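Each of the next two complexes has chain A plus one other chain: chain B in the first, chain C in the second.
Presenting the complex of A and B:
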């Protein structure tokens, strides 16, 4: 049978559908570029929903991430975030949270200070921006307000009782209870399934009726993050009005609703912004030519060729498949980009798992120039039309530094800036004439 | 369903290594559970996709070979769609189904496959080729008589060299032949050069769902040979899901020669609307009745991807008005299976099937739509059933019904799936 084939012409091909990839597409659209984006499900569904800029520097938990960035610039100038001015980072972060809010996922605007936000096990972390559904949790904690935290029969990975126990000393007004989620008796329940069910009015009303008798004067009610999938702010407002108490969400362990919200939100809205998006289709090959690159992809029934004038690589690290580690080295999987290796594999890890200095393997990745173009051993760009952003970049340890979202968003902004400058020199509209020759 | 003898089993991990695409392997499961969280069959029979993979990794082959869950998994591939490692549980489920002795497999699926193998019609409802030809001719004659506008309507069978060859789900010729009318009228309206094939015309393939690969192959061979003989350019799958997937996937898997392209009717509805050949609009929807649409897994996620989902939305929005269309969430390639796929609808496991379908029901309820459009027969039946079971109060309709309604050519006896508000709307002018 004849396989179908399709050709897509675009200014910028974004490879990767994590935070960095979607941020890049968003920024590129703002600049008037045509964007085609491809990727795979990756790790986005694993996020708490909090957007960190910089939570830890040199083993210190940061109250002021901007101050922390200053220290980062002095101590690790090669860190991707350290290479960007505050102004760029602030703009990028602000545009990103605005876009999320437009998508129906309200987020707090990035401020001067980190927020103290709740974690599922009753711990607290420093982060820059939180979903509006989670913000009242920060307030309740700060005020030590009278708060009821709930969990559900059959829900794994979140215990209201454990949450209460871990916070009890500094939050005496905290209490906990367990409910049976309406219509989900005697079985394992997933946060995602409860969130989908709360999309219906019937389930919302039933849940409110179950919570009300438990209130006992509580001003705040904390739930695992389950308040719907598409419009959590609307659902929270509606349930609060019916309940007469302030509701907030607490992140749960993966697979968690806040990440699924982000992913589905981007999948829903990026095509509306004009992006050609296939969020679950991996690029199998990229060939660079004089006028850009040709990407090859194989769908279930069709082969796709993308002619792109520039490429932005945001394929993530090991989990997402951007990097691979074998017995001898770490490599980049799609283009075979050079990676500055450690002396030997023995140097990937330090002896102590919790060594405050972190493990060198986590800082391996793609080296880029000031324009966020991957470079070779001599420091020269591998291709003029190739840019890179996100966790695949070298010299950062985003998990330990609590800088994942900031790294993704700010580097995507900077990389798109450079790509746009390349594609539209001196503010001219993109020259798309070259494509007709191919 | 009783667990069968445990002698028939395989090393699932070894099988996985053979059938998985390059780069995917079950050892790479990080145990995150996004598959289980996103699967409506999770929890049925104490199983879910993550547990299935964990058990395969632990070598619990006997348990996997005997769990009835493999008949509750609709093989919709949503788990594979979500998995960061690309792990596809549905293929192992197919292997596990094949291990069950015939007499212990769900009888509805087995009987449907057996019926398909009895006649060159390949019909799961036992409609033989000669009966099909007769029913089509009689129904077409009635239609010509009933509506002077279609007095010259032709329903060609075995017309060599036509541009399109269409298949036909057995449900219509078997129990509701009047439902073929709207489809034929549309084809007549756009002036399509088309034909049915008298052999292999049936748009269903339960043999794949039995796990019997040889039977699946036999069905596909019969159909491909019948279509090849007609020398048509495009084989169009009508409003049905799995008949599309089983054919093109069968052609690839069994390495068959096919001289045609495979496409779906929805793609052509969209094309004909864009070309102005099908001048539908939403003027009839003066009361702003709300509609949502189901993305058949077999057509969208498993085959054509979001391109098909986009075409589907273009057609529906044109038909009902953009403001009257409310998408289910999640949708397109990420949409949930209705719970009628994979043979589940025919498996006689009604409680489990409806528990599965609750997720779909909630999605529909959240849209608050009055009508659900389903370009797939299994989706149609399942969504209708769960609507009644959970008291949804919505109607389930094929696209061809609405297209003809919009064009003012939908006859009074072609409205069985419409509610009272549309029963008399836009009836053809009495000539």
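Presenting the complex of A and C:
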């Protein structure tokens, strides 16, 4: 069969399907830009579901991330978040959590303080916004409420007993129990499969019936994150009513449901917003011309050429394939963008894994100007029409600093802002009457 | 403070191949032993080598005596512990640039040492090992094999425990000896896990502490043991590269041997003289040099994915005025009876090769048995080593085969890279040598393949930890500390091979260990670095 070929014209091509890529598409839509988005990474399944802004600064756990941003601006002004005013970060974060809530994944609005959210081992994480399904966990911890934490036969890497053992001293009202998930006896069980099973009423009722006799006066019940895939808030409310206790979810080791929910939510709703989206297609080449760029993609059945007036690169780091390393250097994989190197491989990682300073390799990445355009060694933009956002940016250590979502969302917002300004110099949306007949 | 006191006939210090070999040797003669190690089984050179069961070919040119010893001992182990050995055969190959005269003399040296050696044409050699390059100009077969150094040591201890109730205590380090009238009457130790003092009373004390033997001998006032510590570094690939052992046919140098180890291969070995055998770790410079040299012999190594590097310290005998270069030093061993040092119940056995550990144990055992008036002969060359349910999980691939064979859907895989199931961990917890309450993740990993695959502990550290909480092994924050300690330990070896396909693994590991498990902050909190 002959391969088909297809051509797409768009204002902005977003490369990358992580939080930064989806945030960029979302913000670009809001600005009235036409967007085409491509990517091939499943790295979103590695998120806990928590949206961090800045949880750690200089090895110190932060209660006030905004205060932390002030310190960040003084100490590492080149950090992508340090280059943005609070106002931009607040707006971007708020728009993003609103969009998630609109797509059926309720998230708390970003506030002034970090929340203290639960981790699977009974440790606590400082984060700015959590799914509504996880919020009662923060409350239960804060109040030391009578709480029952559950796990399931055959579920790997999540032990309610470990959770309890690590919190018992501080939280005497905590207890744990193990259940067999309805219909999944004598086998390994996976959070994703359990979550999909809970989309059916019978499974929910069966699970509630199993939990009820374990309650013993508990006001809160914590579960691994399995409360459905598309409408977790509705499932939680319904199960709470049947149970007579408040339910909350706890993150699990990946592939984990909160990340899959985000990915599926975006994949479902971005096309509704008018984005041309192919989340499992890798961009194989980008050529820049006078009027923008041409992206080449090779699908299973067809070749696609995308003519874009601007490009936003949000391809992530090593795990998502945005960066790669050989024995001598780190490089950017799609465009060969310049990366400022350390002196040698010896400087990539510190001697001790948990050195509080973090590993220098994590701060290597793309250098950008004030408009979030990648720059060359001289500091000049590589292309006027190329912008970048997210974890691929240099001078940040999102894992250690607990700033991944904030970095992705705020830099995407700023990069889209710049791209929009470039595409519509007077601040007007592009003239649709000209473009619609193409 | 509570002093724990142990009594035994023979205290053996150092739970490597030699120490555990002496334990087996004496137990088979009916002598009760207590084996102790400051850390755990194979913490020194016994766990830091390539697992080559030498045919002797490597030493044939320079040291015919050691070569012949290797050959004889290799044959004994192949007969008595076949479950620990992959009799895969080996090649010595010379490639363009190597000395043709050195290569040409090789078969004659082998003949003198009694090592079977057969010449292959370059085409035959490449047929046997397709990874060899066109530039091979000389190739000889030798009966090299590989041995699982962890399994055989577990079997040594297991057999001794079974034979007469001899015991093994990990994390018990010697701090001093109380000597009266030319006899060690008490060995003062410390349990490094809880900090408690431990006192051991034994009729004979054997120092088999490898690279630390000089230090231990000095604690007893003996100045006759002098060692040269030679650090060797090796790289572990993600998959097996060659069918058999491939040696470079030239004088020993970095990167001149590739040894299969079940489903992986080990490339080595460097040799750097070090002052202190403690706190050694592989460096990037060593890894790059080994790889450059190795790739000259097997160019495929340039594209091979490596998952970890590790280092060991060879304890080499330093005779007065002898070589200070570890490569040229004697690979033989020596038995010190310390009688000229004024002690009558202290023995040090030092030097030697992994391959010859049984012989070293036999010689030490003969001396100790004689001193105890025991006339039983050595049986270690005749009695087969036991296989056992808790002893067999270190062999790469064994856990996977076992799991597929049993096909029990309720027996979850905890370590997906190496297919280690819950049942394997439970067996180790219940009955492996050195099993104890609150057993550390490191100790379980030492007795299995956990954390040794491509992910190097990214997922399995968390899964095994959760399982150990479920089993009640941990009941407080100690489990988190154990998991952290385990991944910190893995990182020492992972760091120098981080490039290419291991970079995404390392990034994911950090996301899980820090972002999800909060280990970095917990570490800082434990050290009082955060408020």
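The rule we apply is simple: the second predicted complex is superposed on the first by the 428 of 438 C-alpha atoms of A that agree within 3 Å, B and C clash if a C-alpha of one lies under 4 Å from a C-alpha of the other, contacts with A are read in each partner's own complex, and residues count from 1 in each chain.
Here is the rule we use: contacts are C-beta pairs under 8 Å (C-beta built on N, C-alpha and C of every residue); 3 or more make two chains touch, one makes a residue touch a chain.
What you see is a predicted model; the values in this text were computed from it and never measured.
Undergrad: Report for A:280: first if it touches chain B alone, second if chain C alone, otherwise both or neither.
TA: So A:280 only meets chain B here.
Undergrad: Does the superposition put A:82 against chain B (first), chain C (second), both, or neither?
TA: A:82: touches no partner chain.
Undergrad: A:254 in the overlay: touching chain B, chain C, both, or neither? Say first, second, both or neither.
TA: both
Undergrad: Could you tell me if A:193 is touching chain B, chain C, both of them or neither one (first, second, both, neither)?
TA: After superposing on A, A:193 lies in contact with chain B but is clear of chain C.
Undergrad: Identify which of chain B and chain C touches the larger number of residues of chain A.
TA: Chain A has more residues touched by C than by the other partner.
Undergrad: Who does A:161 touch here: chain B (first), chain C (second), both, or neither?
TA: In the superposition, A:161 touches chain C alone.
Undergrad: Figure out whether A:326 sits in contact with chain B (first) or chain C (second), or with both, or with neither.
TA: In the superposition, A:326 contacts chain C only.
Undergrad: Pick one for A:206: touches chain B only (first), chain C only (second), both, or neither.
TA: neither
Undergrad: For A:40 in the superposed arrangement: first (chain B), second (chain C), both or neither?
TA: Once the two structures are laid over each other on A, A:40 reaches chain B alone.
Undergrad: Can A:300 be said to touch chain B (first), chain C (second), both, or neither?
TA: First partner only.
Undergrad: Do chain B and chain C land on any of the same chain A residues, and which?
TA: 46, 187-188, 254, 319, 321.
Undergrad: For chain A, which residues count as touching chain B in their complex?
TA: 1-2, 4, 40-43, 45-46, 183, 187-188, 190-193, 196-197, 199-200, 202-203, 229-230, 254-255, 264, 267-268, 277-281, 299-302, 319-321
Undergrad: How about chain A: which of its residues touch chain C in the complex?
TA: For this pair, the touching residues of chain A are 46, 48, 56, 59-61, 119-121, 123-125, 154, 156-159, 161-162, 165-166, 168-169, 186-188, 251, 253-254, 317-319, 321, 323-327, 344-346, 348-349, 351-354, 356, 359, 361-362, 399-400, 402, 404.
Undergrad: In their complex, what parts of chain B are in touch with chain A?
TA: Per the stated touch rule, the residues are 30, 32-34, 36-38, 42-43, 48, 81-84, 86, 248, 251-252, 256, 258, 260-262, 302-306, 329-334, 358-359, 362-363, 365-366.
Undergrad: Quick check on the complex: what are the chain C residues that touch chain A?
TA: Going by the criterion above, the answer is residues 284-285, 288, 409-410, 412-414, 459, 462-463, 465-467, 469-470, 472, 474-477, 479-480, 484, 487-488, 491, 495, 498-500, 503-504, 506-508, 510-524, 529-531.
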